[in-house]
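Have a look at the structure below, then the notes.
We just call them A, B, C, D, E, F, G and H in the order they show up, numbering each chain from 1.
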Amino acid sequence: MEFTIYLAGQIHDDWRSELREKAKKKGLSLNFVGPQENHERSDQIGEEILGEQPGKVFMDDAASDINNFRTELLLQKADAVIALFGESYKQWNTAMDAGIALKANKPLILIRPESLIHPLKELSNQANVTVETIDQALEVLAYVYE
Amino acid sequence: MEFTIYLAGQIHDDWRSELREKAKKKGLSLNFVGPQENHERSDQIGEEILGEQPGKVFMDDAASDINNFRTELLLQKADAVIALFGESYKQWNTAMDAGIALKANKPLILIRPESLIHPLKELSNQANVTVETIDQALEVLAYVYE
Amino acid sequence: MEFTIYLAGQIHDDWRSELREKAKKKGLSLNFVGPQENHERSDQIGEEILGEQPGKVFMDDAASDINNFRTELLLQKADAVIALFGESYKQWNTAMDAGIALKANKPLILIRPESLIHPLKELSNQANVTVETIDQALEVLAYVYE
Amino acid sequence: MEFTIYLAGQIHDDWRSELREKAKKKGLSLNFVGPQENHERSDQIGEEILGEQPGKVFMDDAASDINNFRTELLLQKADAVIALFGESYKQWNTAMDAGIALKANKPLILIRPESLIHPLKELSNQANVTVETIDQALEVLAYVYE
Amino acid sequence: MEFTIYLAGQIHDDWRSELREKAKKKGLSLNFVGPQENHERSDQIGEEILGEQPGKVFMDDAASDINNFRTELLLQKADAVIALFGESYKQWNTAMDAGIALKANKPLILIRPESLIHPLKELSNQANVTVETIDQALEVLAYVYE
Amino acid sequence: MEFTIYLAGQIHDDWRSELREKAKKKGLSLNFVGPQENHERSDQIGEEILGEQPGKVFMDDAASDINNFRTELLLQKADAVIALFGESYKQWNTAMDAGIALKANKPLILIRPESLIHPLKELSNQANVTVETIDQALEVLAYVYE
Amino acid sequence: MEFTIYLAGQIHDDWRSELREKAKKKGLSLNFVGPQENHERSDQIGEEILGEQPGKVFMDDAASDINNFRTELLLQKADAVIALFGESYKQWNTAMDAGIALKANKPLILIRPESLIHPLKELSNQANVTVETIDQALEVLAYVYE
Amino acid sequence: MEFTIYLAGQIHDDWRSELREKAKKKGLSLNFVGPQENHERSDQIGEEILGEQPGKVFMDDAASDINNFRTELLLQKADAVIALFGESYKQWNTAMDAGIALKANKPLILIRPESLIHPLKELSNQANVTVETIDQALEVLAYVYE
């Protein structure tokens, strides 16, 4: 049985590549989807497709049109969601995606460092499992196949 | 026709009181609900009801049990949601509540300062309306009664 | 038993007032809701609440933010929907509202002149009842109380 | 990952063929579905299967029975919807299909010429993305695969 | 606590009046809704509101438009459904209403004579309770108030 | 694209075999499912699996347990439903299955002889298409592939 | 704002009366519903309404018909559920009701003694809050009104 | 047509292996999923992935996080559920899983010994079929393929 996992979280470093490689090494039959991982491309996709916008607000909104289309399409295909939080960036879209996943009955794994226990306590409490590392998240997924 | 509005957002200042008073002055038939507004009470409610917990993580989780019960109960009663973001605090539960509201088909008004346009662009794009002040949010609600 | 009826359709003449008055005369216990009926107000509400926008497209989008918030909030409160089409105006939001009502399992009465039978045939076929006049629509509603 | 896209819109010209060919050239793994594209066949399918009807209204209704069966079956199989509007034809079924797609949580791309910004503003505001050309719509879909 | 009960079944005799009176005597706080109970009115309502139709099939279809609007509106307001079957009439709309009620998660009481056990076995098996008399159905409802 | 079609209706003659063979000849990529077609087996399956029951009522109920398990499992897998009515038998489970299909948003084709127009008018009015023969039902399905 | 709370659990002692009285003393605007609390009545209601059954299995099944009708009707009216477990009785219907409540998105408070932590760990983990006493459950409900 | 069946129940003996082997011998195209069947592993998985916990309650809760993630993921993939009860163990998670399955419209087969008729009567009454042996459950599944 193959599962599709949506990887919610920041797109400033390559945590998804690390996760995908480690999943591959474990031989897990998982199909990972997620947002555009090239940050610059993600920010500019609105103007690239829709043309120049009248200022920063509208450029951001145009990019979000297309990024949200992608997220909605892929999230609805997912069997489960991993949401990763780190110490940098505001990560409000990660929290929003997690909220959407919770209401859509997608089982949710939260990855967050110990330092973020307090501000993420309500989200952690609603997630199925909260872990601190990518390896732990993959151990949870591997457990489903045992 | 009376509407129930859930007020998602931080609980460190009295923005909800301000909003409730202004709604009253405008004569709007609105019933506001939301999280516990006493921050200390909110953080300690877990230990207050469930007894001492073995450390900070578990104290936070116990509080979240009860705060999330409250939020789930009141959010499902709400006809619409206002989510307010400011420049302080992590506000991840605000974003999570907004995500849940979106997926639950609750019309959503986002209040955020101009400085947060970029990090909230995906959430703003999915909200029905994004405004910058409490007064504007109330004008949106007042418009429904015109 | 009181019912709430959403009145979808153009806002260029006073067909809703006529309908409300006739319902009153019939003594029907109906509560009518619908879009902003002042056309100019409806078009300008975006800039009135959100401030000046950078051009017509953005002014329209800002107005739609607020008009769609109103529609979503009121439509979800409705027990049934009346969608009226006439020979003037594009009326695409009427058709969109009707589609949303159909998918949301709101019983739907379509009012349209004989001249529009062909272009409205798919919508008419999915509506519960298609009539040609406001009086007929009210007879359908009155029949529920017999 | 393959996606099924429902193509809502008029059936008087071959815009769907153009879109399908361009998607093929881009190498996108997309499966397109939609209404009957032969306009005469679409109008006459009622009488062709169900036999002669007592007049134009009933002939239209019989055709709609079968066209709506097709649309409902294919739309529910779709992962996303493209709705195209042009300057000709009433296109109310396009708007109704878009409304159904919105309520069924199918991500929606709207294609419309600049001239239709105002009458489509509510629909555009609810769609995930609004573009002006078929090429832009395909760029949005291609972006999901990046 | 008041409950609304939809009374599905034939409209050729006054079983609903009997049920309503008996409920009143028992002092049950129940609000009964159901189809038009005047059989002639029910059959002719299509032509009465929509005008003369081209033959019996179309007259029946016009009446069903309006009767189904009524049923859909009232059934969605109901907390539970009673479906009564007798030895006369085809009663396919009773069975269809029962099927709709089952899928809509409305608790269902089936009333049927002993002679119909075999042909109603699948429906009886899915109903919450199957009884043989109106009095028994009311005893079930009265039990909820104990 | 392959579709699964549930065939609701009586199990006293071989109309499903006829339909399956005709679909095969037309080259339609359809997968048909439905109830147990061996009538005796269907009536006795309860006692065959669960052992002797204390009388006819309980034997019927035991059979319905298993027949309803089968129907629920297969109906939820179906993309569309065909419900066939004839002049013999009570066929209440056909009407119940049709009601369940309607509420579950499964597109519905009704097959019924001209003689049953009046008693099936409400069901016919809610079905997507009503035809009189198996051949017509297959023409509707074939039309989806054009 | 008044809430309706379903009280799932055994019916062998008067814990519900205790809870209702304590809620009253606290002045909480709560409306409690639940199963029949007279155990003998609950076991015999099947035969009392439906007549003598052919043995214990069928008597139990008849009673369950009516008890499940009551539970389904009242549970769907509830805003939240309290499920109480004690050291006696099998209490499988309590666990089933809790499972139904979880899937129906009813916020759930679990009351269980310390001795049952291990066997109830999966249920406790899915409940919003787990407490050990009726007083604690009421403190959670009271907190919603703060 | 292949079906996925979730096997809810205790994990202290090898009833699932027996069921899987017997299904294989019957040549049924079934894919069985279920909880971790190694009891010790199931109890310790929390600490194994998440690290040492501050006591038994928290160790149990950590294990349940991960076991519930597995159950939620697999149960949503299942077409039907078998819930087996025996005379040993509390088996409350079996009853909870059955309740979740009922509300999620998964057809349910209950396996329980004659001795448990009374305490399981409400659950049995809501299940599609109740049998006493694994062989009978497989006969029910085999019947779907006839």
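FYI, a residue touches a chain if its C-beta (ideal position, glycine included) is under 8 Å from a C-beta of that chain, and two chains touch if they have at least 3 such contacts.
Computed from a prediction, not measured in an experiment: that's the story for all the values here.
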| item | value |
| --- | --- |
| Equivalent interface to A-B, taken from E-F, E-G or F-G so that over half of the residue contact pairs match | E-F |
| Comparison of A-H and F-G (more C-beta pairs in contact) | A-H |
| Distance from chain H to chain E - Cα centre to Cα centre, in angstrom | 38 |
| Intercentroid distance (Cα basis), chain F paired with chain D, Å | 31 |
| Chain A and chain F: spacing of chain centres that average the CA atoms, whole Å | 44 |
| Centroid spacing, where centroids are CA-atom means, of chain C and chain D in whole angstrom | 23 |
| Interface hub residues of chain B, defined as touching at least two other chains | 65, 68 |
| Chain E contact footprint on chain F (complex, rising order) | 56-57, 60-61, 63-65, 67-68, 71, 85, 89-104, 116-126 |
| Residues on chain A engaged by chain H in the complex (per definition of touch) | 1, 3, 79-80, 105, 107, 109, 128-131, 136, 139-140, 143-144, 146 |
| Touching residues (chain side chain E, partner chain C) in the complex | 4, 31, 33, 36, 38, 41, 45, 48-50, 65-66, 68-70, 72-74, 76-77 |
| Residues of chain D defined as touching chain E within the complex | 54-55, 58 |
